[in-house]
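In what follows, chain A forms one complex with chain B and a second complex with chain C.
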Partner chain A sequence: MSTTSSLKKTDKSTTNNALYSNQRVTDDDIFRNSSQFSKWSFTKQQLKDIRQNLADETLLRFQEKLKSYLAEHESDNFLTDEEKEAISSEFELGISSEEQLQIVSLYAQKVQIFCTKLKLPSEVIATSIIFFKKFYITNSVINLHPKNLIFTCIFLACKSENHFISAETFASKVKQDKQSILENEFKLLESLKFSLMNHHLFKPLHGFYLDIQSVLYGKVDKNYLGTVYEKSKKMLLNSYLTDVFYHYSPPHITLTALILEDEQLILKYLELKFLGFDPLTPEEKLNESQLISKKMYDTLMKTIENCKQDLKTSLLPDRETAWKIDARIHYFLDPMSFIKRFRAQKESNSNSNDASDEPDKKKQKIE
Partner chain B sequence: MSELFVKEKKLGEGTFAIVYLGKKKQQEGEPKDEAYVAIKEIKLDLMKQSDTGDNMGIDISAIREIKYLQELKAHDNIIKLYDVYSDMKTNSINLILEYLPMDLEKLIKKKTIIFNSMDIKLIVLQILRGVNHLHRLCIIHRDLKPANLLIGENGLIKLADFGLARTYDDGGINSHSNLTNNVVTRWYKAPELLLGSKNYDFKIDIWSIGLIIIELLIRVPYLPGKDDLDQLNLIFKVLGTPSEKDWPQVKALPNYNTNLYMYPKPNRQEWRKRFIAISDNFLDLLMSMLEMNPGERWDIVRCLESEYIREFPRPSDQMELVRLMNE
Partner chain C sequence: MSESVSVPNQIDLVDLTETKPKTSKLYSDDESDHESENENDDMRDIVCPICKTSRYLSPDMKFLVNPECYHKICESCVDRIFTLGPTKCPYENCNKILRKLKFKRQIFDNIEIEKEIDIRNKVYKIMNKLEEDFETRKEYDKFLEDREDVIFELSNLDSNNEAQIENVEKKLMKYEQMNKRLIQVNKMKLKNQESKQNDMDSVQQNLEKERLALIKQMEEQNLEDNQTYKQKIIAELSKGTDKNKIIANVKMEIKLKKSSQRRKLEELNKVLKSNSYSYNHFNKFQENSNEEFADVPFTPFNGDRELHRKYKVLEDHQLYYDPFISNLGKVSKYVANGFNEKSIYDRLLNEAFLGFGVFIEEEKSK
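Then we have the complex of A and B:
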């Protein structure tokens, strides 16, 4: 897992023994022994493969559904050839891995919005989003529509982060049926591979905030640094909507957000922290220990550069794409609804030739 | 997955969980694994039909236990969680845990066993190491007591029962402290908890360990209060009522009563009289673990680095504990 490479100097492989010997246990060792690292960290290729496998399975299920639907109406002449063709080409699309990611990201954003409305602490918000996204790493959106998982995730995240609200109170606060919230809790826990601990970004953020003050003592205004802190925190909250937490360690993500906020300041800090000399000094002028520091520093910079790209990449779909994916999930559950819509559209097209070809907008029942 | 283990007999039963003694099922072509495991079966149906009729979903203590044990697989002094699986047939979550037949409470009660100072140190050191690992990971156990310190057949002491554990939220500009003080079994409850503090920290575990160690020495619970009020009174009677001088914020705590009887704080000579047989350094450790003011109480690292741990005699070999257990 090279992308999760260490921030720390001591990048030794950790064995169980390391935790019980005289060796000092580093924060990095702790992260590498966490379930977040062992169960939920992937290389980009691994994640891509997992998602593709899921999309392949989903497509198979679309095809099976189509087959049985067509077989149902084999003899009753209910469907015209044109309709058969239309539904076939729609169902052949399945839900691609990109589409699944897009629609899940969109609903993950809704999780975030609901949490904020409920005034939940940052850790609970972050955990709710992570739970939500992880569930759809192994479950297709056609198994359980994302809108039906939002509150289960928030409820379990509250419990897991020790922000306890009774099921009754929670259900009435979010105006949902209690049973519908609890129904999928078990399935969610199982999909999370029973791994509930998330190493959040707010702790390293606070750590860097303190360390920057001590490393750049007298060179940075505390109030200004406070602004950088708050802005970075906002960015970090949104980072949970991207894929970064599968690929990078929490301090890496945090540093990247800080750099995006004020590159000059943070580079100065890292230089003083890890080098103590100008990073542009030619290698032949460095002594042995400086060379080691330089190598480490370069690795760190490379990781941050990669992370920057991922942090800036929005996974959210535009409205029309979102609508199309949502509609297709619906068609899978109820193929008849596709035919109905197809017929209605055809009718309206023949009635007025200039009718827009944009599908009639069925508004999401989400406030 | 559930087919991999067989439940052999029931070991115990709680509100939502049943613990079984189990074994790995023999797989074709594989050698038979005779090692026992403990299987904790958490019934989801039972939660649905709890007495109040209020379905809370998966019990929070089960969630805590799963959450923390997943992260604590790498330390010898913490019970190992081998696996978790869900069983749709019985609608339950099953935790496959290390089977540990003995615990410190049973060992303490077995009056035929006599611990020498090396045995004591072996036990103390292992408890401290386990708790150090927890605290390093920012986890407070919140229910340390002899019955939750299990002992393996190899003489290793293992922290168990993480149903009350939680992560300590130590920072962030926006951090908020609102912890419940309804934790820890009464006799091992730190004074700040009894006084109603809601922003306590790792030091509550240190207090519990201090009392566990004394119990190990005197072989009976040191401060067996009848209820929470009695517990607080007992603590003050034995260890002195804290004044603002010893503990500046004490009067601000919710349950602090200004009419408290001011018992004197025992001095070193008094402590010495109570525990005649232990070394000076050991006495220092105990006094520092049972410091009333959590700010003054030693943290786990300080305890591990204490002179008592460094001085002779060295702790006995863990096989010695095995020998004692089987006596």
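Then we have the complex of A and C:
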């Protein structure tokens, strides 16, 4: 009964259609009305396009900067031709959309680490990461270095998740200047399109934990289910570092995490809950309502399968790449530093043919 | 004369409260006199705009208004001008024809309110359908709203806008003609109801009186008893038996007597409470309608929430194994704040299926 009615709704699911007067408002419609769906959910292609646009803009700014820098030193013969060529080829790279995503993910992980150190609740941690990542969907890392946004995100997330810490206390806890935390707050809010509400994954997880108990009553060991719950929760916390939050609704992500933990158990639960018959039964033998539920079950399975892939792919860069990207952000802000480094490298190259020490030092600095 | 008696009293009061030094007493007397005059000044300033008589000269003067134009006219002027039959309102530029019969005392200071109350009474007399004339609460509410609309339009439309007022009045007339019989029937019903209500009220009042009398009686008897028992104890003691036993006996006696009275009082209180005759006519509809209906929350969207959820919260929530939440349910400070395990489970399950049927990749690509 419940599955059929929900399916009818999904068929007409263009956002507002389902809300005409005589129709009942489903939970799905309520989700469709949330800012999470209307403003912050994208198909993969849409998200890719947005990021590509941003990368194009960033590249343009790199080129402009290069032009003006070269023009500055046109007359004084400060730069050799070799140096000019090197800086041009470095600036020509810009920050690609993948690179931006990688560096942002890296710093998002740092947000998570800081939050854990501050002993914040899971929902605050999740919100901080989401805020952080959303900001860099529309803002390039060269506008505001990710390290300068970490604490602003955490501070705002504390407020929006009703875990209030005053600015003074927060600043002293993280040993930062209060002003530096607050100055970016409005910029962040603006980039978030002033929508702060997030439907998190922890309540759905808890809900499924309960529902599995009632659907599989007496068939599942409660202590075992508890460990599945704990493990899935950890996985869900890490899922915020991937892009799944933009592409799937919270129940789907939660179910995927649960399935990754114990596929057999969860599949059994879903079958019992939504089908009530063996999913391998050939379609000819099913009656109409069974066909409908089967169709919906298959869509769900397909979505979960996709989500599984996305959950597994890590967006984090390796150290070498991370260092390269971070250095390029630095060069953009101060082209002179590139020249200095280039000269130093050349010098050490001529002294001894081993230049690999240098990047390592820098690497430690950024971490 | 009465004034001259009351004034000295007032002065005494002032003296007592203000405790001014005696030397200034004479002065303060004068002052208080002066003040009382000031208070009355406002009253005395009121002047009938027609005959210019002020209240100072004729303290019995009463003002009347006519619901045609609501202009204030003093009683004697009304007598003088309108006894000979309907005439124009004596106010300048007011060409309304007024009849003496329609003049009435103004009850509210604000003339707008007075006007609205009149209109309200008039409309109520015509649109007097009762709750029981409707099938559902919705229809009844609709009727009430329509009635308020008519009242609002009649009382708030610009009086110059005669066409519109006429329109509304026409509507009202039409309603009257359509429902002539029902109006009559309801009129009778209302009258009956009123007399019934009055009967009930008087019964209630009698009960209340009885209760108060009983309380008073109890108090008096208490006093009396205390004295008699004291005497009794003294008398018994003089006979010289065990004093503790005597006192205990007498105390027991008092207790027994008191408790019988108290029982009587409690009974009366119970009757008074249960006698509340506010009953809900629409109970019968609620019984008929779907039980689940009552639980559906209001949504700001068009339409109510879907009743068939994708989940069911177990009736016996003890069946859920969730140590965290069931432990919370044992902490009295949460329970006192309204913590309720079932609502928590409901919320969690609701979140689990919020957006369950939303496939973003599919929907956003449209």
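Here, the second predicted complex is superposed on the first by the 333 of 367 C-alpha atoms of A that agree within 3 Å, B and C clash if a C-alpha of one lies under 4 Å from a C-alpha of the other, contacts with A are read in each partner's own complex, and residues count from 1 in each chain.
Methods note: a residue touches a chain if its C-beta (ideal position, glycine included) is under 8 Å from a C-beta of that chain, and two chains touch if they have at least 3 such contacts.
The structure displayed is predicted, hence computed values, not measured ones.
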item: Partner chain in contact with A:41 - chain B first, chain C second, else both or neither; value: second
item: Chain B versus chain C as contact partner of A:204, first or second or both or neither; value: second
item: Touched partner set for A:190, first chain B, second chain C, both or neither; value: first
item: Chain B versus chain C as contact partner of A:167, first or second or both or neither; value: first
item: Touched partner set for A:250, first chain B, second chain C, both or neither; value: second
item: Chain B versus chain C as contact partner of A:262, first or second or both or neither; value: neither
item: First (chain B), second (chain C), both or neither touched by A:25; value: both
item: Contacts of A:99 with chain B and chain C, given as first, second, both or neither; value: neither
item: First, second, both or neither for A:33, with chain B first and chain C second; value: both
item: Residues of chain A touched, compared between chain B and chain C (which is higher); value: C
item: Chain B and chain C footprints on chain A, overlapping residues; value: 19-20, 25, 30, 33, 203, 205-207, 209
item: Residue ranges of chain A in contact with chain B within the complex; value: 16, 19-20, 25, 30, 33-35, 121-123, 155-156, 159-160, 162, 164, 166-168, 178-179, 181-182, 185-186, 189-190, 194-197, 202-203, 205-207, 209, 226, 229
item: Residues of chain A that touch chain C when the two form their complex; value: 1-3, 5-7, 9-10, 13-15, 19-33, 37, 41-46, 199, 203-211, 213-214, 217, 222, 225, 246-252, 254, 296, 299, 303, 306
item: Contacting residues of chain C [partner chain A, same complex]; value: 299, 301-312, 314, 319-322, 345, 347-366
item: Touch list for chain B against partner chain A, complex; value: 44, 54-58, 60, 63, 66-68, 70-71, 73-76, 84, 86, 93, 129, 133, 136-137, 166-167, 169, 171-174, 176
